[in-house]
């Protein structure tokens, strides 16, 4: 199923008057609207294939029906999102959940929807049927070289799948760690992991990046072998110039200052990518911007400042991805809300008066610095985001469109109410 | 010093055109603007006398100059804030820092500035010169009855000062607790505290309220005897109908859901008052809305919903106070920012479409429920808040006014650059 | 399979000399050894049926083989533990995972192993096949009365199963809550839950207890409707004298002082039961005593003090249960370690010199109070625990016995390496 | 005042029989007692000069009397501790609180008490009277070069004082950071700090070490410029081979795995020193081992393992210091308890069967790994620690001795009940 462009046009026509009133107001308030709109149009967030079904917890999963049953249907779902918002033009695959049996066909299908292939994701946190060795006690950290080799081989295989599809990056998230004191020799676990990563790194094509993702806890509850940004940076530095740290918003200890981490990684030239979601307690994987929108703004504020300082292109020089998953919303509606939150926040960060902010900082004028940030954050930029969407052919209100056209019902109709997507 | 009304008028005249453009835009977007403006006009936040000087930490204090040297100057400072924003029309005194030697004079002075006397605050967390017994090991929890009696007597004395000034509530914050396991018998500490509070309660005039404030930790670092809302509610329930729980935003464990606590206390008819501030780690006492503005919005959302459900008057049926204190801003600028954040958030909470929200909740439509809250929070209501201020005679931009008139320089000029207000 | 008593005797004989040297030493150091041993012998910890298989996380489960395939085999497993340690003489069932098709047979089997039936556990956090209504949006809190009724009916059914088996308590853990701001009206969720609990309470036999378990977060990640001890106490108080709060060690916010909560609940006569486990980050469900053994000691210290103050019998007046579950250990070995940690800690708490401690507290002698607690905690009581086990017919070293007799291999042999117990 | 050796002898004689019974028992249980005792004898923990008075919080300070009034009396106090426990043979000075006016005299006095001069501590977190520039907005991070230069000069001056006294290390703890979003450009703050540290590093004698201490928060409550081990390691790596990371137990976010940090820093050859204390919520600065003794054990376990792996000498190759400070205990009693907790924990870590642990780790035998650690931790090693103290001329029970000889009363007698030591 591909969305009928005329349906979107009809939707937009219906809303256009209200939109224009709002847009005209805000456009008059901000400087250089055109440049800002172009940045919003260029900004694309990848959707991971596993976010298209309801996520679950160890206590249960409550599927909602119409979930994609295969890679083709996943591409179709993301294509639908992208047709509506024109901001989610990439898909991030997970192996073995999304092995592309026929890469040519899959590439063609994605192209049809205007989608690119973002970072490839490997999986050494679960055992697959028929697998020779178990990851019960870790993968790249494992005391047994054969298990490590299996994990290395799997990652190299993932790179190959990615090459076929035109991806240029590999995200390595390791759940490796321990549940009990004494279980691991931390140093050996680090060294084993480093050597394993080095093997994978050797197999990385020259134009690829490797993202080393860190996480404070879960599924291991005593230690994690790539546990914080400091550890990830150590690995990435030892690996080489193609290795970077990946920040996932939900992977920190309580009260961590994530925006400072982002700023320092950019300073070191080692920030590679970003996983968006939101959380209150741990890796809750909630909708982006649903719990701490100001934190998200502060992070984008550092991203814009730090990328500009290095002359990086916002749209392409970091890997942007949503990584959310939970029980209670329609996954596609959830993704529309997440992308919207990201675009709003990016727009607000672009509004920050950087010259005045730098001046206030030089004067230790803390009050003014706060005013400048709040001035941007308190501005209602929704009409700017909608305008960018409109210009690039999307819908003024993607969520309303999705509901009015009862898209979930259509998906259930075709895929069944019991279909369950691969994922957590 | 009292502000010249004509200076405010000149300031407003200069800004009025821009303001009207913004106000007209937003006024057209929201329903029932007049009712909303009236609620904003009525809403008053008390300023505690100790927030007028730079606060400090155990590591040091960096005073900024021109701090009020006595109660008269504190009233003058709050009068100045109130003249600018018309939203801070009350002062909350702390005994013994603010003993009114001449109550009639003080009342007259406050009236001159349009200020009322909010909750009185007692202090049994510090030893005063000449005090018979030390609070080193607690006050109302103390194993020694004489120490408890001293704390009780002090609180009764505080009530008397309050009566003279027209206050009608007493806030009891106890730092009582322990630093080490074994130091306290928790049960005895609770019972001693309860009996002490009962003595104070007996001395409470019929039309007064007693607010029992809780705090998770600091200055005691192992246990606190009124440590969370559950404990405070136990005390308040055992004390009687004039006793209530007071919520301070900074007094919780990491990740606590404060808005749920607020909703439940309102449900039980036991929420008495509120101390506004913001924090990232502990009781950081930062400017309201500077760290987690969405959390503040969610709290106001519960306040409005819960108070409406009980037919309570927003402006007067709870005690609203700022309780912030830190090192790096001009305290008056800080308070202007705090009050502004409160008014903005209150306005946003008033915008929530309660009927639609209730409907979404009944339909388990989580996506729409989130949209409704975000619709309110993402709305730029600053022009509404400014309009309310304008109508009641305040300044369109209090902070700009304060800076343009170089008020701090004037205060330093008169009070000296080394003056230090009583407080932490 | 039931353990051969003579095998345990042979094991003990082999170790007896070493044991006696250690026991004689420590017996000479402590007062009133006989009374202490008797308390240790009397103390029994229930094992939940779901702890007998490897637990999992949302990221995966790594079963270890030989897991019990049905209720009979679960009873057999706990019987085995009890034969070894004589301290785990009760089983806690979970409906629908453990529906006793033939109660008479099951009771006889349990009796054969010396096991009693501890609290019954209901399940309204998962959907069962064929269930009329989904718990996706809660059970007892649900906006739809029919869903609430289904949850009520299920709990009443669980009581009936318990009656057949001789259980006398019902544990209600509700995962009810919300994942996003706005999803719930907190007050309505509370009232619905209260009314639902009242229905179940009405069906409770006179000699039964109802335990209302609270949890801060997970599987809901924004709010939980029975979220902390304050909320649980509110429910239990409104329900009546048969309702109590149940404390699970892993269900708190970071840094919570659990021992103080325990002391206050005992003070109020509302502590009903206890779920033992350990954790570093959240509800990690790790082996008891593996992460924070001193916190466990401080909790037992309050339990002993508070129960003695109310004249409660340690062994029977509270419900004691282990609630742990994780990926990396043999579940039976894990349970042996957990029970051992509990017995050691209970013994240490019994060693606390209560008279001296009360005296130190009265003198505000914090240093001595700490010394008294540390004196008990630093004492090596393992030989006392072993002696209690020996006297009641258990093994001196249950874990060593389990390994030497290769019990897991036997279980795998009979049950298969792919058997998976019901549970998380 | 110096302790009379004969008084200690009398004390020991009185306790010797009980001691010998306990020692003989435990000595027979452990392997290679002699080597272990020697390690205990060699291990020395430095006492910071500021721990000799009661610490305070921002809410107040409750001095206890008899506090040292100058550097000489501070040396006297530590000399007294060292005479009692023979494990606190070093003093760590803080400038400007402890400026040695006459270094020769001070050195002689220290030598008389058997004390060495541990790391020197600089102070750029407070303003001193007459100081040209304020540290209100930071010191080494400051936007104003002149302020940075002042901080650099101060640190170089501290090195000079240290040279005079025979110290060989400088600890730089910076409170630099920010209280509000926007206040700092994180990258500039880092670069300014780095350049400032480089200036100090240049002035560092060849045989000195520089310790870069990190802290998550307080006194800055939004960001800290040396905020975690990752940041500290970045600075230390960029500075050079004489720069190291210093770990203070209280300077982490909630739930941090400190033992893993320690292991990784040792792996990188960048762990320089250690500040001991304990805490439940933040930087509570409580007595070592009073809250989380098992965490302390796990840290020592990594220290012993990691230092042995690098061939480092336990006693001298890291800087060991206590850094505690609170309101409710006699500071000298507190320090005796802290040193005792350290020695006990070090002894337990030495008991870990490293060969078996490595074997269990290689076999993924998590249960046995836990048993090995718990076997060491559950062992009552107090008699071993006492024996080490006895051999080196200390008191069998330092705390009992201190109380029996009413040492505090003597100090109050000579110094007055109102004396207050410099410090927090």
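Going by the order they are written in, the chains are A, B, C and D; count residues from 1 in each one.
What we mean here is this: contacts are C-beta pairs under 8 Å (C-beta built on N, C-alpha and C of every residue); 3 or more make two chains touch, one makes a residue touch a chain.
Just so we're on the same page, UniProt names per chain: A, B, C, D = Sugar isomerase.
Worth saying up front: this structure is predicted, and the values here are computed from it rather than measured.
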Inter-copy rotation, chain C (Sugar isomerase) to chain D (Sugar isomerase), in degrees (Cα atoms; steps of 5): 180
Between A-B and A-C, the pair with more C-beta contacts: A-C
Inter-chain centre distance, chain A (Sugar isomerase) versus chain B (Sugar isomerase) - centres from mean C-alpha coordinates, in Å: 39
Two or more partner chains touched - positions in chain A (Sugar isomerase): 136-137, 178-181, 183, 216-217, 222, 254-255, 257, 280-281, 287, 290-291, 294, 328-329, 364, 366, 370
Arrangement of touching chains [line / ring / star / complete / other]: complete
Residues of chain A (Sugar isomerase) touching chain C (Sugar isomerase) in the complex: 55-60, 62, 125-127, 134-137, 175, 178-181, 183, 216-219, 221-222, 254, 279-282, 284, 286-287, 290-291, 326-329, 424
For the chain A (Sugar isomerase) and chain D (Sugar isomerase) complex, residues of the former touching the latter: 136-137, 143, 178-188, 190-191, 216-217, 222-223, 227-231, 233-234, 253-257, 259-260, 263-264, 266-268, 294, 298, 301-302, 305-306, 309, 357-358, 360-362, 364, 366, 369-370, 372-373
Chain A (Sugar isomerase) to chain B (Sugar isomerase) touching residues, read off their complex: 25, 254-255, 257, 280-281, 287, 289-295, 328-330, 333-334, 337, 344, 364, 366-367, 370-371, 374, 377-380, 382, 399
